[in-house]
Amino acid sequence: MSTHLFGLTNRTYKYSHAVGRAEFAGTGFRNATDMAIAPDGTVYVCNRSYENRPDGVHVTAITLDEEYITEFGAYGEADGEFMWPTSVALDSKGNLYLADEWLNRISKFTKDGEFVSKWGTAGSGDGELNGPAGLAIDADDNMIVVDSGNNRIQKFALDGKYISQFGSKGSDDGQFNLPWGIALDGEGHIYIADWRNDRIQKFTADGQHEASIGSTGSGVGQLNRPNGVAVDADGDIYVADWMNNRVEVFAPTGRYITEFRGEAELSKWGRDKLASNPDMIRQRSLAYANNPGYEKNLCHPCSVKIDPQGRIAIIDHTRNRIQVYVKEAVPALV
Amino acid sequence: MAEQDIALMSHLMRRAGFGASRDEIEAKVAQGYDKVVHELLNPETQEAIEEDLLIRYNPSYYEAAAIENNVQQWVWRMINSPRQLQEKVALFWHMIFCAGHSKIDSGQEMGLMVDIFRQDGMGRFDNLLLKLSTNPGMMYYLDNTESHKSNLNENYGRELLELFSLGVGMDEGFNYSEDDVKACAGAFTGWNIAPPYPPFPHGRSPWEFRFDPADHDNSEKTFLGETGKWNGDDIIEIVCKQPATARFVARHLYNYFVADEPQIPSWRLTPPRDQAAIEAMEKAYWESDHSIKAMLEVLFTSNFFKDEAVRYAKVKNPTEMVVSLLRMTGEYQGYKPGLFEYSQEPKYMGMDLMNPPTVEGWHTGREWIDSGTLVERINFASDILGNTELPGVRSLVNRLMGLGDKISPEQFVNGCLDLTGPVVLTSDTMGLMIAHASKEGDLSHGTDAEKDSFVRRSGEMFQMIAATAEFQFE
Amino acid sequence: MVSTQKDPVLAVLSLSGGNDGLNTVIPRNNGLYRDFRPTLAVPEDQIIPINDDLGFHPTMGPLKKFWDEGKLAIFVGIGYPTPSYSHFRSMDIWHTCEPEAIGTEGWLGRATKQLDPNSENVLTAVNFGRGLPRALVMDGVPVASVGNLETYGLLTGIDGEAQRNEALDVFGRMYAPAIGTGSVMDYIHQTGTDALKGADILSTAPDSYTSDVEYSPTAIGQYMKNIAQTHLAGFGTRVLYTTSPYNGFDSHANQAQANAGLLADVSNTVDTFYTDLRNHNASDNVTLLLFSEFGRRITDNGSGTDHGAAGVAFAIGEHVKGGIYGEYPSLELSKQEEGGNLKFNLDFRSVYSTILEDWFKLDAEPIVGGNFERVKFFA
């Protein structure tokens, strides 16, 4: 007997667990758009919420083991506040940077959430911003900003000093249409979720186009408004395929490997919530029997990150939780 | 461009949409009235809202549980949709097929219900009623989920006939009997909802319609004189064949798009305000196999609609007041924060969107206005129309300046009225306005100081116009 | 009925969002309370004792003063049959007294109609906040709804006092009743004239007001100050209504911190309000009612509490007979309302009926839609 892996060796994935519940404060999230994971395992989740619930707008610090650490930030324009947060990133010292696509500014916080400084000027000139949507910080502590409205990628020093840029509006190689998420691999390549072009583009560190992955659609390897991207230690690429409600996995060559549609079970905080609402336990059980997939599946996933243990964490935006997958060295029994 | 063409086009856009900026009105006059009507009636010929952008910048709009987000999203569509009649028709049906958030307690269901009105509101009436009768929010609101083969609840069956299709009566007769109500309710037993997820811990799921044959009363029923083992869809088919239904829909269309009719409960005894208009729309209903669009086409191209006597003869409902001003002033375009407060304004004026007081809906016409709501209406309208920082208002001021290097108070008042409507004032009010404007004499805009004064006086005059009794009408 | 300053007045502060009764008036010696509230139980030594069984939340010291004076009625286990867990629906039920059918008229709208049947005073009932709560809605009953008393009026967007006065002068003449221009137009003219009259009168309230007390800068504090100002101005207003910021008490998460702030604000504001009225010798004819649309779940969810059933309400006033009214609901599992809630035993319509009959001297039955046993909480 022979196995037929068709070349897709060494890749087994398994759903691990879910984290969080819908909440405007404390032990849960509200319309989270991105997260950054520190080497010590702290996960900073950036909650966008909405303007009639400004109490839901903040960064929540947790662990993927569902320990609540703290929350900071608030809705508004003052120092340490933000209105339309899109993304977060950490520097080598553990400071957190948050991009606000309405205020066109980057705010810096310590790892404990103390506001440090802010920078950013609206516009389209060198170093100016129009709807910053993705943030990454490279090994040399340069900040790379997806300057979405200007359809370009800009590189800055951490204090906001402009360094360089690449990209323009369009659909050719190296052009963008309202790009959103960003990832860097171990070699410094830059991956951009080119949102309205339904593709991921890979660049060298200095902005040379190397490859594009994906096309418009809902089929295998296709994308519908991808907004988050991550690359693991093996160079495999994970794409939050936002409107297709899945995460697609590609090999470093761009070959399609598999997809995650979501398999969430109740999180610890979710169980706590239900425990105090017995009538909802009853209602949920009937709903679950009718349609288990509804609760398990990803709904508008919008950010993927790899944690220090190599786990794949997905922001399950509309369900207000994180789904965690593991890539197992020993093949997983499904 | 002829003044009467501008006046007619702004009338059309106020009624078939939520008004338009002066620039848009002029562009539409250039297109021609019939062409514009055709576009309004065929939304697919106009640009669609870019749904991906809407959700990207307002991610919480997707499957939003909170009612405020659904109201906000709707108001955004009313302001920004190029398919104006579609949104206006959605509001029309929302004011007839009334279900409210206070009972349904899921903003998402209200949003989904309104989406039916948006997508199917101009199609075949049979189809619309079927969509309504399989809408889980409505089924719950009117207790059809509590109506069982063994234990009938007549609420939906009754309201379908009384408020959603036939009406109590016409020409002094009655349109249905109590037995018809029972037969109707019986036919809808088993039309129910699959169990949805509760709000915790991850949010409510959208409700799904589910037919339960075991709970359906499949016995023979006599409904409006026809006997058979009627199911709900058979009832809808029979209802849509009734002359009373054509009459009912025609009167509602007239009441909403043309001129205020008497309050609905009096329709059995009170004949239509314009019998010939109603008959013309009824004829379109029959000839088009029950198409709402066909009725609207007759309406918008008829003389009874274009007639100057019906212009500014309807009291603006609060949503029209708010949205038309936001459109005219260009205050809320595209994607930006700040819409929540605006979307609450109709509520302050007595129209809590997606939450009508009862299944009978809001009392319209003069009943929109009391001393509390009038203050809200006037202050909102004058604050926004008088804000010369707003792009739409700025453009009106520039047009006023275009009237000449020096303009008299009369020209100024007339210009302001023309650009904000054209609004027609009674001669008494007109006199007061001109007297007020005359206190500061002629207007020029040569020097910076003159310009500043011109802008200030324009803003003040717009505020005064927004405060008139006439401005309460559309 | 002719209104004078000494006619009884009702002020209402609605606590929007569902206040957690269990952590407001706490069954401090009940072991189950601590079992069900692992995260949110208030430590025993911080609770302010009311009697052998109950105590106030630690932030409610200022309200305790009124208890000690014998002027605070505490309603426990208050609610209605078949609880609704929807904010909107439950608030509607409190507003309209219609737990089953959907009602459109508010109990205070009906009461206002009886207090001033011919709408002789446009200010018989005044609401503070944007939009009219359904409690005050009734056809033909004019109710002013005041977003901000300091700036209330028409054409408030016109800069410069002289300009605005001139505009208002034009407005007054524009809306002068003009008979014969069509019935709807006549009606709007009359309404505009009434609105202007109401605004003119109301706008004098802040000017004539002086006070030694300082209200908290929160919305609750400022609206209660507006209520005091309007009452002290002597316009003959009988019903003064306000609502705390929308769903502020909806403490699903981080409740310990959020509710401590809110309860402190409410308690301090009530204290300030009565001190203010007493300093002006104007407290004698004012009763203040505090209520919320529901209480919250018995068990906490690790961070907050979710929507529940029976809750607590308060009445405060010089003629209020202090005491606990109703029975504190059992926390035992077998005695809970469906879904882990406190079961009501005191219908809110009993409290309303008492206010209507014993305070306003009105016939309660048509207003609350039935006969409910009165709670004798007026001395």
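As written, the chains take the letters A, B and C, and residue 1 is the first residue of each chain.
Convention: contacts are C-beta pairs under 8 Å (C-beta built on N, C-alpha and C of every residue); 3 or more make two chains touch, one makes a residue touch a chain.
Since the structure is predicted, the reported quantities are computational estimates derived from the model, not experimental observations.
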Winner on C-beta contact pairs when B-C is weighed against A-C: B-C
Chain whose Cα centroid lies nearest the overall Cα centroid: B
Gap in Å, rounded to a whole number, between the CA centres of chain B and chain A: 40
Where chain B and chain C are represented by their mean Cα positions, the distance between them in whole Å: 34
Inter-centroid spacing, chain C versus chain A (mean Cα positions, whole Å): 45
Multi-partner residues of chain B (at least 2 other chains): 200
Per-residue overlap in chain C, given as positions that touch at least 2 other chains: 306
Chain A: positions in contact with at least two other chains: 28, 269, 273, 277, 279-280
Contact set on chain B toward chain C in their complex: 67, 100-103, 105, 200, 315, 344, 347-348, 350, 352, 355, 357-359, 365-367, 369-372, 374-376, 378-379, 382-383, 386-387, 426, 428-429, 432-433, 436, 439, 460, 463-464, 467-469, 472
Contacting residues of chain C [partner chain A, same complex]: 252-254, 258, 297-306, 338-340
Residues of chain A defined as touching chain B within the complex: 21-22, 28, 30-31, 33, 48-53, 83-84, 101-102, 178, 180, 195-196, 225, 227, 243, 266-267, 269-271, 273-274, 277, 279-280, 283-284, 286-291, 294-295, 299-300, 302, 317-321
Parts of chain A lying in touch with chain C, wherever the complex brings them together: 23-28, 269, 272-273, 275-280
Residues on chain B engaged by chain A in the complex (per definition of touch): 52-53, 56-60, 62-63, 66, 68-69, 72, 194-203, 205, 208, 336-340
